[in-house]
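Each of the next two complexes has subunit A plus one other chain: subunit B in the first, subunit C in the second.
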Partner chain A sequence: MANASINNRIRRLRFDHGEMTQEELAQRVGCTRQTIIALEQGKYVPSIELAFKIARAFGVTLEDVFQYEE
Partner chain B sequence: MSFKTFTIIRIFVIIIMAGLIGWAVTNGNALIPIPVVIAAMVILLLFRRGVKEIVVDERIYSIAEKASLIAFRIFGIAAAVTAATLIALGWDSSSDLYKIGLTLAYAVCGLILIYYIAYIYYNRKYSGKK
Partner chain C sequence: MAPLQKRAWWGLAIGLVFAVAFVLVFVLMGGIETFDTDQGFRITINVLWVGGLVANLIILNLTLRKPGMVDERDRMILDRAPRIQWLAVVFTLVAWVIALNEVYRATDLIPAVYLYVIFMSVLIVSTLAQCLGIVIGYWRANRYG
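Up next is the complex of A and B:
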């Protein structure tokens, strides 16, 4: 548990989706731009609900966005 | 309305409120600050409703939870130590230290009580029990 981490591909996915801005993604998923920045930098782990919203915003599965590594 | 506009309005309302309270206190009128504070709160609430921008989300709540917990712990320990010290210092004297210490001690007890009531409430709410 101590060495576990959750990584994400949000930045990559944003650029794959027509260079979507952080503000645009934040508006789509209903959070602040600061939260998107924190997520991309790996400083914040989202709730399951927000994780699903982000995955849906990109039209991919949860595992395509977030990876759990031990 | 954007959050930036709301922030500017909020600063103006706070300045006006502080000015009115200051004026009232200077003139020895203790009743004016109460309606002023209520009016300021209502005005800010009405303007806040006009903000369509998302300014609070789960990360902000998460930060607030952590900040609240650390503030509770720091205040609880500091106030308890201060209260005990004041009670000890004012035990045999006729000074107000004892009264202040006792008031602070009751305040800490009240805070801890509120914390545990809230804890029990949320523990039940999220425990799955009916």
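Up next is the complex of A and C:
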């Protein structure tokens, strides 16, 4: 399990979806803007539920948003 | 700043103001001997004590009840705050035990009014430590993830 990390493309996906703001995304998935900031900075790993909500907000699969790297 | 973080800072500030006022009033109005005999003094202290706790409860509970104000990350930080609370309460009790033991060792008799004062101080410390735990939780989450 050493050096495993979960990366995400939330910032990129926001940009690709009409430059969606962090606040807009937060409202869509039901979390605070601070959590979106922490996610984008890689300082927070979301629950499965929130991860699915984020993927659905962008209309993509979970793995299009989050990547698990060992 | 997350809404819960903002409320924790407010809770800490208001709690500290009440705690300082509580200690000042207690010392300036005559301390433990007067507290035991003067009902007006006891009422003033009780108002400060209960007022501080209620103010803090309202500040935190109002945040938690509004939809969308607290999410899973906030709840994770909130769930970790009791670690700080527990430590603060234990250290407060240890300080009381050592202080009372040293001061009243010769007489072998600790005034019963201290039970009330210890209880009040532990509740105040516990409330302040909860806010401090939340503030530290956010600091750690923002710094280390």
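Rule of thumb we're sticking to: the second predicted complex is superposed on the first by the 70 of 70 C-alpha atoms of A that agree within 3 Å, B and C clash if a C-alpha of one lies under 4 Å from a C-alpha of the other, contacts with A are read in each partner's own complex, and residues count from 1 in each chain.
Methods note: a contact is a pair of C-beta atoms (placed from the backbone, for glycine too) under 8 Å apart; a residue touches a chain by one contact, two chains touch by 3 or more.
This structure is a prediction, so every number in the text was calculated from the model and none was measured.
When the two structures are aligned on the shared chain, A:Gly42 is found in touch with subunit C, with no touch to subunit B.
Of the two partner chains placed around the shared chain by superposition, neither subunit B nor subunit C is touched by A:Met20.
In the superposition on chain A, A:Thr32 contacts both subunit B and subunit C. On subunit A, the patch touched by subunit B and the patch touched by subunit C overlap at residues 27, 30-32, 34-35, 38, 44, 46-47, 49-50. Those residues of subunit A that touch subunit C in the shared complex are 27, 30-32, 34-35, 38, 41-44, 46-47, 49-50. By the touch criterion stated above, subunit A contacts subunit B in their complex at residues 26-27, 30-32, 34-35, 38, 44, 46-47, 49-50. Within the complex formed with subunit A, the residues of subunit C that make contact are 1-3, 5, 68-74, 141-142, 144-145. Interface residues of subunit B facing subunit A in the complex, by the touch rule stated above, are 54-60, 62.
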